[in-house]
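The following pair of complexes shares a single chain, chain A, combined with chain B in the former and chain C in the latter.
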Partner chain A sequence: MNTWRGPAALFTLALASSALAQDTTSDEIAKYRAVLQEGNPAELWELRGADLWQQKRGPRQVSLQGCDLGLGAGVVKGAYAQLPRYFPDADRVQDLETRLVWCMVRQQGYTEAEAKRNPFGDGNEHKSDLEALTAYVASESRGVKMDVSLRHPKELEAYRLGEALFFFRAGTHDFACATCHGEDGKRIRLQELPNLTTANGAQKAYTTWPAYRVSQGELRTFEWRLYDCFRQQRFPELVLDSDVAIALTMYVARNANGASFDAPAIKR
Partner chain B sequence: MPDPMKIRATLVGDSTEVKVLMSHEMESGQRKDAQGQPIPAWFIQVVTVTWNDKTVLSAQWGTAVSKNPFLSFKFKGGAKGDRIMVTWTDSRGDTRTDVASVA
Partner chain C sequence: MRRPFRWFVLGLGTCVAIGCTTAGNDTENAPRLATALDTSFIPSGQAGLDRLQQDDTQRTCTKARGRALPPEIAAQIERANQATIRYPADGKLVGDWKNGERIAQEGRGKQFSDNADAPSGANCYACHRLSGTELAFGTLGPSLYRYGKLHGNGADAQRYTYGKIYNPEAFAACTSMPRFGHKGILTEQQIKDVTALLLDPASPVNQ
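Coming up: the complex of A and B.
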């Protein structure tokens, strides 16, 4: 008679697990992240970035320590939590990558093409300096409250443009960012998608980029996240340091105001 | 030259906990590139950790260890300021040594 018990027990188990599947899966993913956080390889990028920041590089052989990220020349601590912002010297709203490229061109004497080369790393042969520098600068804002300003008219303009782009439906799939990120409780496969129109959702998302992607073995920045979202939406390629990239960053970063920044993180 | 390691060594009770993050491709030799050609194996083979010149860990690694490996272990003893030295050698003969002190 024992043979009958097996299937019955299995059936009960199946019922219970399907009801709980969604919650337990995200719990398990959270646990997985917590375990990995301790040995987060993102630190390797932070180390390399810190080194690149201090090194005398480029045709003019100067370090980036004279680069003003918004809090004064060479001040890195807390800078990422206030970006993107308006920079009078560039007369433009810039995010971190754009600002780094700007400093590499103006101060170190690189050409724009050289500075922007290889924005996203690919293995040992194609390491990205920009990603490493971003990881380092972002790590210096860990624990700092997000405080992105809209005081300057150009900052407000960038935010409004970002908001419009966020809801702009286009491409072969008639997709907008808002299609996936405009409602609570949406997901792709088992990955929960943050609702970026709310403070809570934007905070959870924005404060955890850059992140080491275990599945790629690479550190990825928020710009990469936008770039890959564009690819997934079948949009034209997102150009680094374009007004579109900066505006979308501005929209999500500003919505995340008030949260404590907590990256580079680790993601699946 | 290979990228530096990140080493943390902390005193926990009467033992020292060592955590090491290494930067390495750890190519298994099982993968193929875009042209369908096998990517040659390239991985860390030997890891040695010394505490004030005494070997406290010696390991032989293979291709099953992940990319950018993280190693954590404890040994009995240790005091604040002691020298922890980690060395790895990979299958190409490249090697990297980094030093940290116990905190």
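Coming up: the complex of A and C.
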């Protein structure tokens, strides 16, 4: 786990003139986050994503407006709140990023390598189209209730796999997801950790991704969150759209059912 | 999370809590898990795919899912890990607390993004309170503030503390704490220095 450094740390330490109880620290971080929430640069990614969604692109010069995200071709409103889900045409459970790549390949004619070429932007000139598209589609579920299904056997299988992975301990440090996200009220340094095994914890966490990360100057997706957690877990590099990425997304998204989706958010 | 542990209903507890329709079990998930792991990671930097191969302790603790272990299984894990601890040949277990503080603050080490040639940190503050003046401490582990005042600085305290950092699974089966010596995260000298941070009367931990 990385040493926790960022604007919030400086802000918090500036308050440390008197004895600083843990609760006070958490309160001040909450205030800092509320200030951040007032203007969210994630809107820039949402707008760029909306534009990319409508543009005729790729070798076949078609838009993504024919892409079925689960609610019918071109329906974006509310789609993210029901993902991941089983797609008969792919015969696979897919999360949004996986589905976008699928549509870019099948409809726009990109190769899979091209579609996945730049999954994470670097905060500078190399912007990621996938992150922008994800931000746009997610934003169209703002205020929609999380409703991820386990009715299809493959959906249930993905959920179970995600749960098994959540508790899987390995690597140099013996870490599992559950090491940090299996109990209520814990922190790494000053960063509060959601308990993703509970509805309350999963709801708070999942409904706030994608998010604009102030410390990185980038919009980050839930798959990025998993990718970077595994890095800190001392595992090798997570493959985008892999079974592990989709299963863990399924586990947390399903556990968040019933919550009102509220992203793209902004985080330190 | 700490519920009674029963080997025959593994997986059922969480399934019931979340409301899935049929209970999964580890035996059923095992082949899927192995396949998924095989296809979902690529080696990167110093982190090869061998990191996904579990040892016996990791395998047993994965099954436990945070629940209390049956006493005989806990004792088995602790005995096996006890046997891995290598105490320094020179018999000196306590190093320099100032170096120990730097090691406790350092979060880098063993990640695929880290320089494999640089020494790893222990990142103690991620999970523990240690010195009284560092306020950015985590709460995954217990507070170690004034650890030396509680335990003293005698031979037994030194041996326990060095061993606990080297391999905490020898003292508390399925603890969340990494096995810093056994897994080669810290060097012998680094463990001596962190032991000093905890035990030295001059260390900020004991002020």
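One rule holds for everything that comes next: the second predicted complex is superposed on the first by the 248 of 268 C-alpha atoms of A that agree within 3 Å, B and C clash if a C-alpha of one lies under 4 Å from a C-alpha of the other, contacts with A are read in each partner's own complex, and residues count from 1 in each chain.
Just so it is clear, contacts are C-beta pairs under 8 Å (C-beta built on N, C-alpha and C of every residue); 3 or more make two chains touch, one makes a residue touch a chain.
Note that the structure is a prediction, hence the values are computed from the model and not measured.
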Simultaneous placement of chain C and chain B on chain A, clash or fit: fit
Which superposed partner A:247 touches (first chain B, second chain C, both, neither): second
Touching partner for A:48 - first (chain B), second (chain C), both, neither: first
Partner chain(s) touched by A:220 [first = chain B, second = chain C, both, neither]: neither
Partner chain(s) touched by A:161 [first = chain B, second = chain C, both, neither]: second
Touching partner for A:181 - first (chain B), second (chain C), both, neither: neither
Which partner reaches more residues of chain A (counting touched residues only), chain B or chain C: C
CA minimum distance (chain B, chain C), superposed complexes, angstrom: 13
Chain A positions touched by chain B in one structure and by chain C in the second: none
Of all residues in chain B, those that touch chain A in their complex: 3-4, 6, 19, 21, 23, 25, 67-68, 70, 72
Of all residues in chain A, those that touch chain C in their complex: 1-4, 9, 12-13, 16, 20, 22, 25, 150, 156-157, 159-161, 163-165, 167-176, 178-180, 182-183, 185-191, 193, 197-199, 230-232, 234-239, 242-245, 247, 254-255
Chain A to chain B touching residues, read off their complex: 38-41, 43-44, 47-48, 123-124, 217
Complex interface listing, chain C residues touching chain A: 1, 11, 14-15, 17-18, 20-22, 24, 26, 28-29, 32-33, 35-37, 39-44, 47-49, 51-54, 57-58, 61-62, 65-66, 105-108, 110-113, 121, 123, 125-127, 135-140, 169, 176, 178-179, 183-185
